[in-house]
Amino acid sequence: MSQSKNYEQEPSSNRLVASMAIAGFISGVIIIAIYLATFNTIKDNKARELRQAVFKVLPNVSYMQKLYFENNTLVIAKSDGMDDDMIFAGYDKQGKFIGYAIQGKGAGFQDTIHLLFGYLPEKQLMTGMAILESRETPGLGDKIFKDMHFVGEFVNHLMKQAIKAVKKGTKSHDYEIDAITGATISSKAVVRLMNAAFNRWSPKLSPLGQEPVFQMSKQTQGSLDSSQIQPESPNIQIGK
Amino acid sequence: MATDASAYEEMLKGLWRENPTFVQVLGMCPMLAVTNSATNALVMGLATLFVLVGSSLLVSSFKRWIPKQVRISLYIIIIATFVTVVDYSLLALVPAIHKELGAFIPLIVANCMILGRQEAFASKHSIKYAVMDAIGMSLGFLIALLALGSVREILGSGSLFNVDLFGANFEPWVIMILPPGGFLTLGLLLLFFNWFTERRKQFLLKVAQADQSVAIVGVKDNG
Amino acid sequence: MDDLLWIFISTLLVNNFVLAYFLGLCPFLGVSGQLETSFRLGLATTFVLVVTALCAWILNTYVLIYAPYLRLISFIVVIASVVQFIEMSIKKLSPSLFKSLGIFLPLITTNCAILGLAIFATNRGYGLLEGLVFALGAGGGFTLAMVLMAGIRQETEIMDVPALIRGTAFNLIIAGILSMAFMGFAGLFSAA
Amino acid sequence: MTFLDVFTAPIIMTSLGLLFGLILAVAYHYLKVDEDPRISQTEELLPGTNCGACGEPGCLPFATKLVSGEVPPSGCTVASEDDIDNISEFLGVDAGEQEKIVARLKCAGGKAQAFQIAEYQGFEGCRAAAVISGGGKGCSWGCLGLGDCEVACTFDVIHMNDNGLPVVDAANCTACSDCVDICPKNLFELRPVAEQLYVQCNIPLEGDTVTALCSAGCDACGKCVADAPAGLISMHNELPVVDYTSGLFNTDKLTKKAIERCPTQAIQWLELNQFNEQADEQERYS
Amino acid sequence: MFNLFSLGQSFAHGVHPPHHKEQTEDLPIQRVPFVNRYVMPLGQHIGIPAEAIVAVGDSVLRGQLIASSNGFISTALHSPVTGKVTDIGMHRYVDGSFKMAIEITADPYATQQFSASANASVKAVEQMSIDEFIIAVQQSGIVGMGGAAFPSHVKYAIPEGQQITDLLINGAECEPYLTNDHRLMVERPEAVLRGCEILRKQLGAKRVAIGVERNKPESITELQKHLAIDMPIDIVPLEVKYPQGAEKMLIKSIYNKELAVGKLPRDLGIAVNNIGTIVALADYFDQGMPLIERIVTLAGPGIKEPANLIVPLGTPIRDVLDFAGGLSEHTREVIMGGPMMGSPVADLDAPILKGTSGILAFTEQETARPQEYPCIRCARCLDACPYFLNPSRLALLGKARLFSQMQSDYHVMDCVECGACTYACPSNIPIVQHIRAAKDNLRNLASPDVEKKK
Amino acid sequence: MKHNDPKLLLQSAPLLRQELTTPGAMKEVWLALLPTTLASLWFFGLSALLLIVVSIAGAVLTEWLFTDKDKRRMAIGDSSAGLTGLLLALTLPPGLPLWMAFLGAVVSIGLGKVIWGGLGANIFNPALLGRAFLLGTFPIAMTTWGSPSGLGDFFHLQSSNLAWPFMHGQIDALSAATPLGLMKFQQQTTAISSLFIGNTAGSLGETSAFLLLLGGMYLLIRRSIDWRIPTAIFLTAAIFSLAMFINDADKYPSPIVTLFSGGLLLGAFFMATDPVTSPLTPKGCWIFGIGVGFLVVLIRLFGGLPEGMLYAVLLMNAATPLIDRYTQPRIFGRK
């Protein structure tokens, strides 16, 4: 009873404001502390994830750098993270350009599918595909990344023409791909996203011989977020 | 001694008698959203435990200085701070699981159970009781999460904590890991819980009656 | 335009906030007993969702680019305070509006649909327009689920559902069945 | 990450806190609306989670309904038992002082006392039977025993006994009048428990006609009127009426005398409950 | 649109129960002999009960006024026999309840000849003003014989500003088994037409319509045969459909007008009367005979000798049954009125009333309680209800005793309890019973004299 | 008192009842389904027989187990549980493992009926609920279709039928695609004559349009079902699909194919019309039918699944309480 009497007294507005401010301050301090403490690890994790994905789709890559399409050319991105308008260029140990890793994003069976595929412009060859994010049905739609046969179809696929997904077993042309039985829609969505991304990017890619050069900037070297990839990383094997 | 026992009581009540899921029906969103595997459930449960215990500790320590008008806002700031801590920690430590839990780690902030405990308990009790209560509640929540997660993972994927249980020929019940499965499983679990409580009540009643008749017979014998 | 339509349909039906994303279950299970109330709660929620989308976009564009780590806490604090402010204003300015919609506001502020919307919209990098459409879809979906649920619950009120079953367990099962029915919308307008 | 970045967070958070603290403070100051203080006090006692688990759209509406008595405090699933006790206590301040009123039945003619002239066949409900030519009970004023009141009582305190009469668990009756409203024979009335002298019959007939219908009916012989303190009981419409306003009512032996010579036990001295759960033989001779 | 396809004029919805009229439709009306004891309840009509003006021990003549009307919606009672008042007190009514009644023991030596002199002399109806006419009708004790027993004079008191243009005579007799109106039309067509003319002239109506269901061709031809050319009377054949005889349905069928809820036929300029009522009017104004007897159909599988009888009011049902050979041993239930709307008789010693159109007896076979199934929401009841109510919902709510919701959401009070829904229900749900219970409860709650709530 | 005559019965009028009873209404549906059931035996042989038996058994057993003792006789006696079992079986693919069919039947009655309070109380069509559960739970098994054989092959049992409980079935080599699947995923049309006769792949009861029409007509003539619901479904589906067909005849099926393929006929005649789960009011029936017709075409043409009848009906079932509430007929004499 006495407690509730206490409550009934109106605290001054100053107290309200002050307590909010103090709480805000303390919480700000705590948050920045945890942020700093985990900052590097998280950055590493993210970079590794991206790296692994790029590795999967572009074999023999040792370095990569993020590019934007600006003013009709590809320029090197400065941003830490990754966004939809980015494309990745892969380089071998010598820093020689190998190919691009292109993102695709769009509606799947259930929700948005986000994927990455490798592309060698000079050979017009698709080198592999990886799903970054999807909420497709477990057991059905998730075969787009679990079914190795399906994933394998995008390795060394010649991109002369838009890809077409056909019912499993009825593949009769080079540009066709066997869809997954029971997940035809997801497979078709994957193909559709790839075609769309390909159409978006292929005219923008630098013409033969003028591939973006790998630049080891000061920033990239210094920070752990560098787009540089440690060649010793065991994950390299994935691409094969 | 006595206070220890009652603090212990406070903890125990969260496990069954005032179980946040089965009795209070709070925090349903994370409960259903992340229980498609036992591992996710476990991580979510532990994260919630951390946030609840931490914020209860803070709230009960500072309860004197919190003005009534902004108390909810302050609780939210406190809780959100802890959640941010958990969020970043998980992201750093177990990125794969963090990815699966998705938005539901930040959403711990909105779990009514946590705010509820601050209002209903931590703001009115001493630190010790508040913490014990928080532990009990979050353990109760964890138990429910695990129960739900296990059932859904066992049926839905044929495994538990990612350990395959039935071999390759098992036909998984896909729906269990889909949204309807969450609702249905929790509904049926709750049903079972109700049934069990009811049965227990009736059983206790019967025992009590039996006792009584024994007592009466005893009196008669004596007389 | 097509994209906006897809965002709307997808959140309204395919990825319904309540039935597929498990957001906002507390009010969904608690307050869906009466049709009238449910509908009004749905409207109020839609309103708050739109406010949220707006707040989230402002925060994302003007504040959080400097301090991304404050995302969660600033979302919740800003949204909660803004809604509370709106609530008090309505209460003062229009008691009748408060009675019909305003009383729901505190209930809505602390539910996950609101925060979920802000976080999803940010994660997906929605712009202002997309965010608003997303909020409308989510609110519409929430209202739809709420109203269907309330209709069913009111109907079952006069049926002899076994006493043991009545209550939250039963509501969850109804929600499960609804969610199962909504699976029929999967892939809508995305598989074409 | 620059050195300055480290300060961004506290700065932003502090300013946010300041800003909204200010807004809320101003709001509290200028936008406050007056309402029943009991509502906000009750809301205070609630958990304040605004979770909706009670079925109300938040704690404030729930508190409003609590104060108006539409819902019981236990409707809140989040509050602990202590909280609920506190709320009950807080709300019960006024209620506790009033005298206890319970539902009383103006009939004691169960299966053993009254007979059927015809056989009713159909839906088990008193009102439903009553509209089918009275349900076949010989005494057309008496309880039909089909338990509409049992179904209607929100608080589940009415249970039909073996004799086909409703037993009100008087201790838990809230005098909500559900049973009064539902009974097709208008047999229930709400009476203070203190009014212990009670006539359990509703037949406006006298003499043998009554005894031919029901062995528990009041045949208007007038013995109670004669035996009670003069003026306490009088006959109206062939039924004794106890005048509690006369100031003559007492719990002494003299008043109790009124029931002693009643040939049918139609007038009773009630303790708490009216009938017995099991057999009512006991009750008749106790 | 319905009229295009169906025989005769009609309304929407309704049901087609077998009409079972063959049992009695060809049996001429017979008179039952006088018995010993008569009971005249003071309230056997809608409205305020009459007030006894005789005392125990008084001798009364057949046709003599024994109770006078007690207000406007109330009517007089006359003695059905010459004899002696032996009791004025509570007597059992057909529904098992007790009501104030005058018991008369017949004088075994009286001729029981009705003499108009027993009543105040009646002025020739042609000379009466409308007000005199209304008072005379009230004096006559005539009430609606169509079942509701509503005092007829009330219907003739037309308020200022309204004018009756049409007189509607209800000869539908849609209830199965009953043939009393039919026999009246066949045997006394002149009386029917005479009654119509008296009433039409008094009310100033332009036309008269006599609605008769097509399953009574003999009635139609008899009436037509006696129809004089100058009589503005139409005999309208109606589709055989239940409840064709319900006032609103009849108005819909004949005038294609919809009587709004809460309105009276006179608001449409229509006055509705039953065949029996109209004949009683003719008899009163031509012969001075007040309402002391009526025609009752005795039928049903449990009646040994079905018949159409002229029964003095107040005769115990048992005596009437005895005259018709008694009940067969399989009889389980006796109904007063028709099988669709009638009410079961709780005590055979209860008397025949002004509103008793039939006494039907049913055996074990018809009364075996049918297995009730849950409502499967098949909507047959909705398709049957002529008032377009939602009986399925009403029954569900009734079962849950949610009576007030039945009115607030589903307008239970608009139901006329015709029973069409219950007839149609494949799950054998006693829908009307739930409805009656609800209406009863709602009326009870609304009535001011529910003394309760201390 | 003198009571030498039998104690009279007081029973509410009307004493007359028309002849149809609720079990009778169920029997009508059994009868109407007979041709389709026999055809399923013809087309799918022993597999069909076993599926039907197992499904009915599962349904009846569940009803028996979970119904109160005193209501059991009535509940089983009205044959509605068996009907649910039969209807469920008719929507299953012929190669489905029997244990799945059994589970489906248990879910149908358990979650679809008993939990709501038994016959008449459920909101969702039990058979379709069971099928929705199975489809969500075992999507692959539920979308693997065997080709129809003939009576000659009666004793040929699809090997997947006999899978052990909780285990995969062995998928038959000759799995085929349903006409709708062919249309949706391969843009191939099936001849209307085959749709009509029914020698296409599909669930047990949906293949022969002719026999379904026959059964449906029987129910309509006997007035066992509300004519508005199937009419509204057919009209809406036909108009909607015609609009799309005119728009792009290669991509979208013709209205005839839409009507005669998949579960539309079975659903429109036997499932959407389930009295318990469809609206009471005439206007409501129109809305319900239009809703089903619209949703089924929407899902078929624009959704992820080749067939949408199941979900169309379930979704409209969910809306039925609302529809009923807002389409009360105008009471005679009221505005």
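As written, the chain order gives the labels A, B, C, D, E and F, with residue 1 at the start of each chain.
Everything below uses one rule, namely that a residue touches a chain if its C-beta (ideal position, glycine included) is under 8 Å from a C-beta of that chain, and two chains touch if they have at least 3 such contacts.
Given the structure is predicted, the values throughout are model-derived calculations rather than measurements.
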Those chains which touch chain E and also touch chain D: C, F
Remotest chain, chain C as reference, centres from CA atoms: E
Chain whose mean Cα position lies farthest from chain D: A
Pair of chains whose C-beta contact count is the highest in the structure: E-F
Averaged-CA centre spacing for the pair chain E and chain C, given as whole angstrom: 60
Centre-to-centre distance between chain F and chain A (centres being mean Cα positions), rounded to whole Å: 45
Mean-CA-position distance for chain D and chain A (Å): 68
Interchain centroid distance [CA atoms averaged], chain A/chain C, Å: 30
Numbers and ranges of chain E residues touching at least 2 other chains: 343-347, 367, 369, 399, 430, 433, 436
Interface hub residues of chain F, defined as touching at least two other chains: 8-12, 111, 118, 120-121, 133, 136, 139, 304
Two or more partner chains touched - positions in chain C: 26, 29-30, 69-70, 73, 77, 81, 84, 110, 159, 165, 170, 173, 177, 180, 183, 186-187, 189-191
Topology of the chain contact graph, where touching chains are joined (line, ring, star, complete, other): other
Interchain contacts, given as pairs of chains that touch: A-B, A-C, A-D, A-F, B-C, B-D, B-F, C-D, C-E, C-F, D-E, D-F, E-F
Chain F - residues contacting chain B, complex: 97, 100, 111, 133, 136-139, 141, 163-164, 166-169
Of all residues in chain D, those that touch chain E in their complex: 101, 117-118, 121-123, 125, 127-128, 130-138, 140, 148, 151-152, 177, 180-182, 184, 186, 188-192, 205, 209
Interface residues, chain F side, partner chain C - complex: 111, 115-118, 120-121, 123-124, 129, 132-133, 136, 295, 298-299, 302-305, 308, 310-312, 314-315, 317-322, 325
For the chain A and chain B complex, residues of the former touching the latter: 3, 7, 11, 15-16, 19-20, 23-24, 26-27, 30-31, 34-35, 37-38, 41-42, 45-46, 49, 137-140
Chain D to chain C touching residues, read off their complex: 5, 8-9, 12-13, 16-17, 20, 23-24, 27-28, 30-33, 49-61
